[in-house]
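Following are the structures in question.
You will see two complexes here that share chain A, one where it goes with chain B and one where it goes with chain C.
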Partner chain A sequence: MSTVVDTPRVATMESYFNDLAGALDRALAAGERYVASFCAERTDFVRMNRGKVRQPGHVEQRYLTVRLVKGARHASHTLSLSGDAAVDQAAARDALIGLRSVVVELADDPHLLLPDVVASSRSVRGGALPDTWQLVDTVLDAAKGEDLVGSLAAGPVQRGFANSEGQRNWHEVTTFNLQWSLYLRADKAVKASYAGLAWDRGTFDARMREARDKLSLIARPSRTIAPGAYRAYLAPSAMEEIAGLLHWGGFSARALETRQSALARMRDGARLDPRVTIAEDLAAGVAPDFQAEGFARPARVPLIERGALVGALVSPRTAREFQLAANGANGDEAPESLSMQGGDLPSHDALDALGTGLAIGNLWYLNYSDRPACRMTGMTRFATFWVENGRIVAPAEVMRFDDTLYRMLGENLEALTRETELLLDSNSYGARLLSSATLPGALLRAMSFTL
Partner chain B sequence: MPFEGPLPRFDVSADFWSLRFVHETCDSYAVRKNVPLPFAVSTNAGAMASVYVDGGYGYAATADLSPAGLRDALERAARWAHVTARHALIDARTLPRPRPRGDYVSPGFDAPLPTRHEWYDMLLAESREAAIDARIVDWEALVDVVTAMHRFVTSEGGDVTQRHRLLFPSLDVTAHANGDTQRRSLNGQRGICQQGGVEVLARFGFIGSARRVAEEALELIAAPNCPSGRMDVLLMPDQMILQIHESIGHPLELDRILGDERNFAGTSFVTPDMFGSYRYGSELLNITFDPTRPEELASYDYDDEGTRAERTYLIRDGILERPLGGAISQARAGLPGVANARADGWNRPPIDRMANLNLEAGASTLEDMVSSIERGMLMETNNSWSIDDSRNKFQFGCERGRIIENGKLGHVVKNPNYRGISASFWRSLAKVGDASTLQVLGTPYCGKGEPGQTIRVGHASPACVFTDVDVFGGAA
Partner chain C sequence: MKRTLAWLFSLVALLGFSAARADDTLKLAIGQRGNWENAPAELGQRAGIFKKHGLTLEILYTQGAGETLQAVLSRSVDIGVGVGTAGTMGAFAKGAPVRAIANSMTGADDLFWYVPSASPIKSLKDAAGKTIAYSTTGSSTNLAVLAFVKHFDVALKPVATGSPASTFTQTMSGQVDIGWSSPPFGVKDLQEGRIRIVARESDVPSFRNQTVRVMIATAETTSQKRDALQRYFAAYRETLDWMYSDPAALKAYAEWVSVPESLAREVRDRFYPKENLRIERLAGLDEAMADAVAAKFLSAPLTRAQQDQLFADYVR
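For the complex of A and B:
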């Protein structure tokens, strides 16, 4: 069973998409424009529990969103496609024709903004991966004797764009994303991951070995930490959860303009530590270089520099509404390739620098306690340890933190690690995402725990 | 069409197979700041093939609904089942092979709906009513109308068709002043979601509500922060649904208890030995899995594994009786369960989910409950939720609070939050509201699973009082 299987009726997914666009071109009437975005994947999903296979399967899906524009009126239709080129071209054409009768009923949209230049692009990354079942065999063999639970997703993901002006964009990435945990008992476990474009057995073995080694630390009697403030080291995977919460409108221009962003006070002068520099950095991740309306995405959008908010993610609609310059954001104005600059603390010195406190491998289920104050709460999860004099003493029982970003990455930030880690988003709600975050670890002088 | 009529014959070399067809359309109408957002429609159709071979199980999802496409999907699923059989967690030969027969139709499935013009006119009218003050900085009124057809066919002769019409209206207003921002909504972020037609709007007073919601947003901007301390809380239904969802629903999911979700959504503090004897809450706590309430979001006749759905007590008089586990989980655990194996679409396999999970009404009027509290806080409309991966230590926040002192409602406070531990919190349930306090709400956004799934869940709850709760407000 292969992760890359060409459907016989489709030469390549890219040519299939270009033919769909051709059908839309032919269906267009005078005075009409269209934009079309395409999202597809062929994914092997294998879910594992207790060192066995729980649910193995394969998903093939293709979705096309066609937006018909006439003057300043427009409407869209998103439809699933079968993979049969002739059937799907007819469906796309019917969708466009169906929108024709809708658009005439609608009012002009004062916030419509479409690109005025044609910016075609093409990117194909990653090749054939090993047979998915071989990977599963490798994983289960490597975890023999352990209570492994996790999932593997592997295969190509495609994004496309076309419009009536002749712009064509294609982005295809073939990746794997293995997320697993080794459980000792109850909620005591080590979380690990291995994701990328090319499977390297040596890298996987090293990560599995590291996870197994940590299990011996988890086996020690755990310690319950009383509520209070403690020194803390947040590993990059814990920082990912904090960055993830900021995706909820934190860097959105629309949320900043309407004062709903958790970072809105940074517009009034609130600052993080000067060592905090964050950008949307296309080169750091696997996201496409175009967005759903066809605007090209710049290589880098500075968001926070030296602790100050300097930018935001601006979608075309927000640009028109608030008279801003669009900068390649999609409608949700969430980062897709967030990148935070590292500091000067070597990662291997992080525990020494922590001294006595909590080493937090993962955080979990973050939300805001007070969004305007950027006060957030969440739980520790997986490998979180109590450390004394730079040495791990005991695994810590799960703790709830409740603190503000301005304290954690402001007055209480002691150091950022020199090394950053690329973390590919493993979320697959509806479709596999092409988001990522590149983050350092953070050493905090104090972090508040409440429960 | 695979959604009606006989299917072609499939010669699949398998012990058992099923095809689950899903066809959904969604019409989205929205008006933000008095500007209609562009109309959007989606059409999503496909099929999930599931096959048991040699003790293994495999699935394959396809949007190619031609006979050849379905045959390909069945064969691919069979190959998965075959090659994974030797590592299978579950011996598929021990699993039920359902042959359900039936039809389900939402109330008012065929009733006429407003035209596009009428939807936009209604939403525009609400939007304009919200713009009452310069401090109102954002507002939106929207409705999503979903029509869903599901058909489940099995190699044993099962054939079930279920048709749903779902309405998701939403209205929210954001106010900003003096460095603070407060958002007020009608029953939360998509808390209003039911089966049916326009009557859903009337049930919640949607039309004509925008001005009140805007006034409450302004009231919150001027309100003091919620005080801190241990006190009684009176949780209104649009917060109770979140409390039920996170600290009863998720911990009772049998696949979590069996460990399937430990790498992602988490485990549970509930263990198999607790069923039948564990005191989950006070004797006032009665929780049902109820797929029979017609207007509730997740009412249906059969789940996605073909198990007949019936109203069932999960917790009775505070004692834990059974988990939320579908037929496969029941077979694995040796425990009784309910018909809750559900998938969020054609491209995901069924897993144990909540459906309609309700807290049964009690005997107290709202006035009784307020007057019973010497010092406390009424909280309404969830806006923040966080709980540990065992579903025990939680912290939840609401949009709006009201002080209760000496049995009387006092002034409004902003940022009301509370925290607790599931295992002890429900034992502090002191009063359960009567039917006059009950609302049938839900959420379309329950996330879980690898690969990820976002399922629609219904919750009906009355207002409830809990004693000696750790309450606190906002600000740094």
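For the complex of A and C:
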């Protein structure tokens, strides 16, 4: 699955982490165990607006979370690390000693589950990216003459795991995530993104060209579409917003077991269209092949097969509580490498297939309007167009949709695009995330708009 | 004779089959899964009580009352359980076709305020100047704390501390003097003597006899599923009787929420008097409306006519 690239820097960060783990090993007393997870990154952040660089920045950070386990009691501590190996090893030891005094005060945790086999792994993905400033120049040159607003985050992200049983996992991925909008005026803008492990100038140019083309289209007088049901084409980035809502417990085994999941009715037989197949697929994304407690992740966890719910994401705690088999999910049981199978509609034929209706480039502000029915609501935003006979006629004023997943990807699903798009999570609150979604576009016979 | 018996058996079988086919399905949305107050539907269904009344319940759990209300109003469920009375009145006042159909909880014995056992605070009366926890601004715990200040005439310092779990940490580490909790959280610590109760919401007279949460349905459901609702109420009553009389019910609850039976018993007997859950109870509406106005759920108290409409289908 991974390309192993050894560079001096990789070896340094990885050996730095292994040395931290070694310090924890030596600090352990009889009858104690530990698990430790490591999160680090070296990221160039650049914010742009009005076609100029407004805020360049560089973040280099390392965090270690140590959990001391004694019997069924455990407590954890997260440290912000300096990068000085000696200082950080001492801090890690001190954290362990501090936890020792806490653990004895705690009650047994009946749902604690840790791996009983050692499953070490190592993965380093992504080659060297072009220099950040070179990328920024490319972006600004390509947008010359336009009001570009955007951000670029690029650089390596590392995750590590170690435990007292000698398990060591290392995951490093070097990615870039460029998000930009070309503004016409006020809220009239076209949004685009380009993210991945390798920068391809041709791909970027094509996306910028597409954004510019759309910008000229939104310059046309916009049309107000009356509330009602319309044929609609959802681009992959709009599908990402819908899939993102399912991250809120939709595929969580705990939420399904306690009947709190928005997909709970699929356990009672509700189904989506048979062409809908969704899985947690490590190969499709950039997430590590281990989770925070050290459980290995299967390469693929089927979630929906041919429209039927067939699986769930099971964290170790849920596994213990509900007597299920853990399958590598983290505590929140949210997908990290969601992958939806494409269909047979070529993307370039999507508007022809739509005929007359709405082409939706993006959705925004989504929330459940009725979680048990998996009904969601949200706004169209950025380049939503009214299309007639397969040709864009006018940009559509912002609209609110309100519809259920069972209708959108069930009875009203007409086609899925053959091509899928990898969409990396651009969230960098606290740290850059390694989640992604690989999704097709979807053509719907009808989508319900209420405002 | 044989032919008569065979005919009778056929009739019985047919009747049995008809009875099985006659089961109505009622869809329920319930907040706070695992809470004793909201457990009757789950436990009664597992014990076959609803089935006996010709009902199959399709139960889904929500993140809270707002979501439950939305599920009812969008008709994806028939009944919402444990919805705040103030929120229900607010939705009704804005024109939502909602009806309060039964009591979920009257009284306020469940929310409690505690201190670590070693604390010198014995009651709220001697807690002047001390910090006291509530969950979030505008919440029922917030209203209760403000009412404590007024009722006990003591200058407490309210602090928003979030969930019972985060409040517990802050209280036990001395960041806040008086914590709040809701069963079953904290009950084990009470049993083990690590914490002491210094106040309950029911210490405030106006909360003691107020219907704080109700079951709701749409006007359409109350008219179209009248018979099924009557059987639902009958089964619910029977389940409540069972939950307060049969040790098997405690065992079922303890297994469902994965707590020891002793803790389940403590939760039931100490925090949820059966009378508080009796579905016909409806009390303290004036106080509930005043709270709803204060919390901005309502711009003004409901008129008599509005109240009559909102509670027209309340179980009797």
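Here, the second predicted complex is superposed on the first by the 440 of 451 C-alpha atoms of A that agree within 3 Å, B and C clash if a C-alpha of one lies under 4 Å from a C-alpha of the other, contacts with A are read in each partner's own complex, and residues count from 1 in each chain.
Throughout what follows, contacts are C-beta pairs under 8 Å (C-beta built on N, C-alpha and C of every residue); 3 or more make two chains touch, one makes a residue touch a chain.
Predicted model only: the values in this text are computed from it and were never measured.
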(request) Have a look at chain B and chain C on chain A after the superposition and call it: clash or fit. (result) clash
(request) Identify the partner contact of A:D370: answer first if only chain B is touched, second if only chain C is, both if each is, neither if none is. (result) both
(message) After the superposition on A, what does A:T78 contact: first (chain B), second (chain C), both or neither?
(response) first
(message) Touch test for A:S428: chain B only (first), chain C only (second), both, or neither?
(response) first
(message) With both complexes superposed on chain A, which partner does A:L28 reach: first (chain B), second (chain C), both or neither?
(response) neither
(request) Check whether A:A299 is in contact with chain B, with chain C, with both or with neither, and answer first, second, both or neither. (result) neither
(request) Return first, second, both or neither, reflecting whether A:A264 touches chain B, chain C, both chains, or no partner chain. (result) both
(request) Check the contacts made with chain A and report whether chain B or chain C touches more of its residues. (result) B
(message) Quick check for you: in the superposed arrangement, does A:S181 touch first (chain B), second (chain C), both or neither?
(response) first
(request) Using the superposition described at the top, list the residues of chain A that contact chain B and also contact chain C. (result) 107, 110, 258-260, 264-265, 268, 368-373, 375
(message) For a test of understanding, state which residues of chain A touch chain B in their complex under the given definition.
(response) 1, 43, 45-50, 52-63, 67, 74-84, 87, 95, 102, 105-107, 109-112, 133, 136, 140, 147, 149-151, 153, 179-181, 183, 186-187, 189, 191, 258-260, 264-265, 268, 364-373, 375, 377-379, 381, 398, 400, 402, 404, 406-407, 427-430, 432, 450-451
(request) Spell out the residues on chain C that touch chain A in their complex, using ranges where they run on. (result) 27, 29, 33, 58-63, 67, 70-71, 74, 76-77, 188, 258
(request) Using the touch definition up top, name the residues of chain B that touch chain A in the complex. (result) 35-46, 57-66, 69, 76-77, 79-81, 83-84, 87-90, 116-117, 120, 137-138, 174, 176, 179-181, 183, 258-260, 262-264, 266-267, 344-345, 347-349, 384-390, 393, 395, 397, 415, 417, 419, 421, 447, 450-454, 473-476
(request) Please give the residue numbers of chain A that touch chain C in the complex, ascending. (result) 107, 110, 258-260, 264-265, 268, 321, 368-373, 375
